Structure formats: structure tokens, C-alpha cells
């Protein structure tokens, strides 16, 4: 199935626009008119996009060469999912273990996952990164980075 | 709660000052009263760096530092008017190491906005340190020489004069609304301003009829002879503009100014409050503070903990009535 | 006047001031080159430290950071396709394709020279016409600003590639995100949590929108580093030869003049300026390669235009006390912290101070050129950093930087969600550059339209009593029509920035 992501994207836009118009239906004219116009236009254009996407994928199927069309060389999706998941965990963990420890752990994991095997590199990059952030934010600028529950 | 983390200046920053604080931590005080303070204190300002409240806090911090003998650090948590920073402060650990710099934002937001997790009861008040009056002003080219003339004209021509409005109810605009109500006047509201300077610019260009500003915003233009102040919301005439009468002197009980002071989360223990009360009272007497404040165009107007608490609760009530009358209360 | 200017130069050229300005330039470059950190963040953080300095030195330090940061945002834009500041979003349109062809160093050098020319134009405007212009700015009201913003918005359609419908979808999403928070009337819209009351923070959104899609692409395509091509071995001498100047000088001048004009206008600023100058250059330029595929004139125009609008923003700030951006708010704060009130009396009572700052702007610009040219050689090499190191560093710095903007964890979440949105849009072939412009211009557009209606009573009287506003609105219509016609003629490729 080609163009699935595109169709899901357009459908999501239409849905989001509908939901947002619904939740804001009680807004006064002066506050509601402008966002409603924007959202309506967005929904219309997304609907057009969705229609074109269906038509295009039918054409793709009709055309023989559609199968052999040079799809851009793309890797699997799972490394991306892992990356996004880890990043989500990373920012959530700020409130638990504190930003700087989280930075250390997260960057070490990313270095390893990206294929670095030299042990000194796996340690050196997180150490330097954490140290630089500590010096810049905590020592010089007193920026209160989240400290988590353990380091009150 | 996502923001539980912001609890005092913790171990990391304390390490930096280990040398200085360790010395003081050693001789432990009598068992009854724990020693306070022994490590750096953070004051949360719920506005951006460079704003009026931030400037006051930063002018005060070094003097408090001398009194408390530990580093006093100002950190700005702007966002959502002042709601983000105030929520963080009201939610932080009440051990005296995270304090809050309060201003009228804490009593207005709970009335107007939904989902605000704090109110005046979320804090204990150490005291007020300054009071910044608001002004109603017009360009010198305006036909109105006095507030009386403006009121007379507006009575005769309802909705003819254009009044400015900035979203989020800054205290200047609360003053404007209070005045319009007390004087029974109707103005056409022009909204969408980004603050006092933008309101003043619009008045100078004649797009709006007058402007609501605080001292810093009009000082330069008044001295340059471009702006005339018709009334101030201060309880008494300001030493900076002694010729300007107050609203009260002209028959309208409008007293909406910007008070600023030090507060701590509501559960802060009394022994901590005692130390802070004393430190702020001493700081208020310091000539250095007076000089610091003069530089940024404000005055030292100290009120103690009891007076401040009383003032804040009474203004909380009166602002609530105003917002209900205006139909903007949630 | 001449006396004041000469005195200003003498006063600005002390070792302390020169040292601080050089430091400021370095800080600005470092902060803006790292996606996630911005010049405004550096200025905010350093403001308290400037308390202990003389007023002149403090302000010179801040403007050195500001000006250098607006330029240096172009570095990650060229190298990584991630604009370090919103003004650099126009730079990446041609700068990144150049880097992908192995010409990162040429693009960065061109951008620093453009930024220098633009900044000098702004400094000249400050020195000679500031007090005059200040009085004119008062009369540019909501109708005019609305017209300017509409003009800016129509450019999006003609600048970005991909289909027209997709560009408009992107703009609309940006416009919608811009409506979150207080409406012009003061009513809170779509504020599902109090964190949203003052709207989606621009900088975290910028960080997310551009950083994450780029990083995800690196992972997905298993690219070992950003730029695959080996940089060319020949020494690149572009703009070091007279013949380059004879070809491009007019682009520099035109972009500088437009940029200064946009900068003095409160609310417009470097971002809109860079897009307008970019579009102007694109409109008149017919040379190969086409704009968007690595035409050096695109880099010249956007960077000259952006920096010309930086220091000229000091004119409304100093003469009227009106800040046009976060950065000018901080500079105004630095003035008031030192007991100087911006406004009409600043020029009367503190003329020596004002002219020292204006003269210092020249010095800061020269320092920026020297340090920037030196940095161009090294920063271009960032494109060769292996993905396995780049990925953790950029992710961490971007997210910590998003936190540092407002000390608020919610902004970190905003950055990540904006990143997912950006990735989703890009995989549908929708560019995020129009979204950014919609996000910046949307609130300006709506607020000023709303205000103009209240001030002038109706749309017609607002437009037809204000000739400048009318002219710009007609110009936007013309530019829209022009774009629609030319688009029909050569259908742009479907690849996306």
C-alpha cells in the first residue's frame, strides 16, 4: 500500500480541525471567527489532499512501472520509533532522576545504539556533554535545571 | 505533577558554595530552632528577565544576601502571564530555600483564568518592598488638561473616547477599568496591545485617547514634555511627580498599583519566616537598597508581614468584585 | 553631531569594551550555532551579570551577542538544515543545498559577509537618521503593521517549493498554532492547561520543528553523517575576488536597504526581513541553479536582510521605548537597570551614551566579520561529524535549550511534540518553513487587524485612510497573483526543504 502515511496525515488534519472547531464552538465571534476560518480552510485543503492521494495511488497501481519506481532508499522504521521512545523517556526522567544524570545515561545509550563500540568513547562523550551543561547552566548561569527526587 | 522538581537550590549549586556555607553550618544552633539559612536561597520571579518585577528582585537580592549571609539567586520562570512561575513557586518545598517575589498577578489570575492552582492563601508574606503607582496619561496635544475635563467630555459623549487594553489584565488596565466603573464612563475599548509602552505609543499617535502606564514607562516622555499625567492611582502623591493629583483626591476611590514583595510557600515553618521578616525589615532600611531602587526609578515602600497580608487579601476581594462586575471572572 | 559621533567612537574603543564585544560575538556565535540555544537565551542569562558593568559596556556586550547570534543561526541552517534562529529559516532554503553539494564553507562565508554588510547598513542608519525615523515610526499603526504582515505571508507561497496546496496547509497550521493563548480581546483560546495561556513558545517550537525531523532522517536513512559529498579540494575564493562583487553587489545593497526599513518597524524584525529580501532576490534572479537548489544569491539576500533588521530595531527601542522583539526587551532592560530611560529624553539627556552605543555597533560588526570568517572554516566541518556523536549531542542540547528559554519543562514537551509534527509533515512532502512564518505572523496579523477595526471603525476606513497600508495590501495581492501565474508556468519539483 503506497501513500498510506500521507492519507493518515490528511485524515488526522481533518479530524483535528473538526475537534478543535467543536471545542471552540462557544467562543465569541471576535475570538472564534479567525481560528474557525483557519481551521475550515485547513480541513478543506486536507480533504483535497486526501482525494488526490487516493487518486494518485490508484494511478500508481494502474501504471505497471509503479512497482519498479525508484523508491528512495529508506531504512526500517523501528530505529526511529526507538529514538522517539527513548527521547520521550529521557525528558520524562528529568523529573525523577534530574536532568544531568538523565543526560549522561541517555547520551551513552544513543552513542551505543548508533554503533559506537569503543568503550572510552561511550564514556567520554556523555561525561564531556554532562560536564559542559553543568558548568554552563549550573555554575555560571545558575539556571535551575530539574534535579529530580534524589538530589533535593 | 510535572514541576515537582523545582525545589530549592539543591545539592549541585550548594556544592559550589560548599566552602562558604560549611563554615556556617558547623556550629549547630540549639536543638529547638534549626539553623536557617545554611545554603543558597532561590527567589522565583514569575516574569521574564528585564521586566519590572525581575528588576526589583535583582536590585533587592544583593542586599538580602548581605543580611542572610548566603547567596540569594533570582530565577525567572515566565509564561502564561505569571501563572507558570507562581504555580511552580506555590508547589515547591516549603523549607525556606525557595521563595517567591509576589506582585498583583497572584491575586488577579485566580479570579480570571480557569485551572489556576494557586491563590493568595498559597503563600506566607514576608513583606512588601516597593509600591509602583499607575497613571492615566494623555499626549500634551490632547485637549484634556485635567481629569475633570476628560470625565466631563466622556459623560457627554459615551463611547467616543478610545481606551487601551492589554490582554491578561496588567494592573494598569485593572486601574483603568476601576476608574471607568467608579466614574460611570463608557469608553470604546481598543485591545491587542502588548503592554504599557505600546499603549503609550498609540496615544501619542492619536489612535487612542489616553494611556495607562507605570512610572518607568512615562518618565522619559513626561520629562521631554510629550506626555501629561492626569491622575495617579497611588494612595498619596508620588515624590517623582508631585504635581500629579491622585484619583482619590479627585473623587474616585481608585488605588490600583503594583506592590511587590517577598513571599514563601504557605507551609513554610515559622522559624524561617522570622528570619526572613527580620532580614527584609533590615534590608528596607539599607541606604544601598534605596540607591539600587532609585536607579530603576522605584522607591522603597516597606510594609511588614501583617500589613502586607492584610493588604493583599483586601485587594484580592476588591479585584474579585471588579472582575465580577466586568463579567470577566471565570 | 560630528562631534558626538567622533566622541562616541573614542568612548567605545576602550580595551574593556572591545574585549566585551569580542566575547559577546563569540558567545552569540556559539549559542546560535547550537540548535536549541539562542542569542536571546544568552542575553537573558547574561543580563544579571551586566549589572556590575558600566551601562555602555553592558549594552555593547548585549548588542554584540544579539547581532552575532542572528547571523550565526545561519551556520546550523547551512550545515544541518536546522535554523539556529528563526531569521535563518530563509538561509537554509539555498544554504543547505549548497552544503550538500560540498560548498558549506562558501555558504557560511557568504552569509557572514552578507550579515556584515547588513549590519553596517543598520549601524549607518542608527548613527545618522535614528532621531528622525523615531518620529515617523509613531505613525505606523495597526493598519500598516497588518498590511506588512499580510505581505510577509503571501511571500511564503512564492518562496517555498512543493505544491501550492501543501505550502498553504503548512501556513494554516502555523496560523492555527498562533491562535493558542490569549486572543487580542484578552480571551484565552485553546488553553487546555494554564501553560498554554500565553501561547506556544516560539523558540521551543522552532527547535522542535527543525531539529527532530532532521535527526530522524539521519536515523531513518542510515546516513553516517549529514553531508555525504567530500568538500571540494580547491580553495574556495568566493567573494574574495573583485569579479564576484561586480556580479552580486546590487543584491547586497538592495537587501540591506529593505532590511533596515523592515527593522525600524516595530514588530517586523529579522525573520520577515530575511524572507522579503530572499523573495526579492529570487524574483529578479534568473541565473542557475534556480533558487532553492543552492543559489548563492539566496544566501546573500537572506543574511544581509536579516542582519540589516537587527540593529535598526534599536531605533524604535531607543527613541520610543518600544521593543520590537525579545532581544530589544532585554536591551531596554539593560538601559533601565542602569538608570537610563529609553524614550525621547534619552537622546537629549544622554547623547554621549547613545552615540557611544551607535559607534560601538560598527566596532562590534567588524569584530563579528573577523571572528566569523575565522569560524566559517571550522563550523563548516560540523557537517562531517559522524551521526553517532551528532545525534546525542544535538538531541540533548536542543531539549535542554528548550528548557532554558523559560525554565519550564512544558517547553521541552512542546519541542518534542513540535518535532513529531514537523517529521509527520515532512514525510508527507509538506515543508515546515511556511508553518514557522504562519506561527510568527499569525498573531501579528490578527491582533493588528482587530486593533485597526477598533481604532478606525471599519476595514474600509482603516485601509483607505492609510495610504501606506493600502499600498502594501495591493502589493500582497499582486505578489500572490504573480506567484500563482509563475507557478503554473514551471511546476516546481516536489522535493521539500
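Note that the chains are named A, B and C in the order they appear, and that numbering of residues resets to 1 at the start of each chain.
Please note the rule applied: a contact is a pair of C-beta atoms (placed from the backbone, for glycine too) under 8 Å apart; a residue touches a chain by one contact, two chains touch by 3 or more.
The model shown is predicted, which means the values in this text are computed figures rather than measured ones.
Once CA atoms are averaged chain by chain and compared with the all-protein CA average, the nearest chain turns out to be C. Ranking every chain by how far its Cα centroid lies from the centroid of subunit C, the top place goes to B. Distance from the subunit A centre to the subunit C centre is 24 Å, each centre being the mean of its Cα atoms. The distance from the centre of subunit B to the centre of subunit C, with each centre set as the mean of the Cα atoms, comes to 33 Å.
Distance between chain centres (mean CA atoms), subunit A to subunit B: 39 Å. Among the residues of subunit A, those touching two or more other chains are numbered 94-95, 143-144, 146.
Across the assembly, subunit B contributes residues 2-3, 5, 75 that each touch 2 or more other chains. In subunit C, the residues touching two or more other chains are 45, 183-185, 407, 409, 450. Of all residues in subunit C, only 44-45, 47-48, 51, 138-139, 141-142, 182-186, 188, 191, 193-198, 201, 320-323, 326, 329-330, 332-334, 336-339, 341-346, 348-349, 406-410, 447-448, 450-451, 454-455 touch subunit B in the complex they form. Of all residues in subunit B, those touching subunit C in their complex are 2-3, 5, 48-51, 54-55, 58, 74-81, 83-84, 87, 113-117, 162, 165-169, 188-193, 197-198, 200-202, 204-205, 207-208, 216-217, 219-221, 223-224, 226, 294-297, 328. Those residues of subunit A lying in contact with subunit C across their complex are 5-6, 9-10, 12-13, 20, 23-24, 27-28, 30-32, 34-35, 38-39, 41-42, 45-46, 48-49, 73-75, 77, 79-80, 83-84, 87-88, 90-91, 94-95, 99, 103, 106-107, 110-111, 114-116, 125-126, 129, 133, 137, 141, 143-146. Those residues of subunit C that touch subunit A in the complex are listed here as 45, 165-166, 168-169, 172-173, 175-176, 179, 183-185, 187, 189-190, 215-216, 219-222, 387-389, 391-393, 395-397, 399-400, 403-404, 407, 409, 412-413, 416, 420, 424-425, 427-429, 446, 450.
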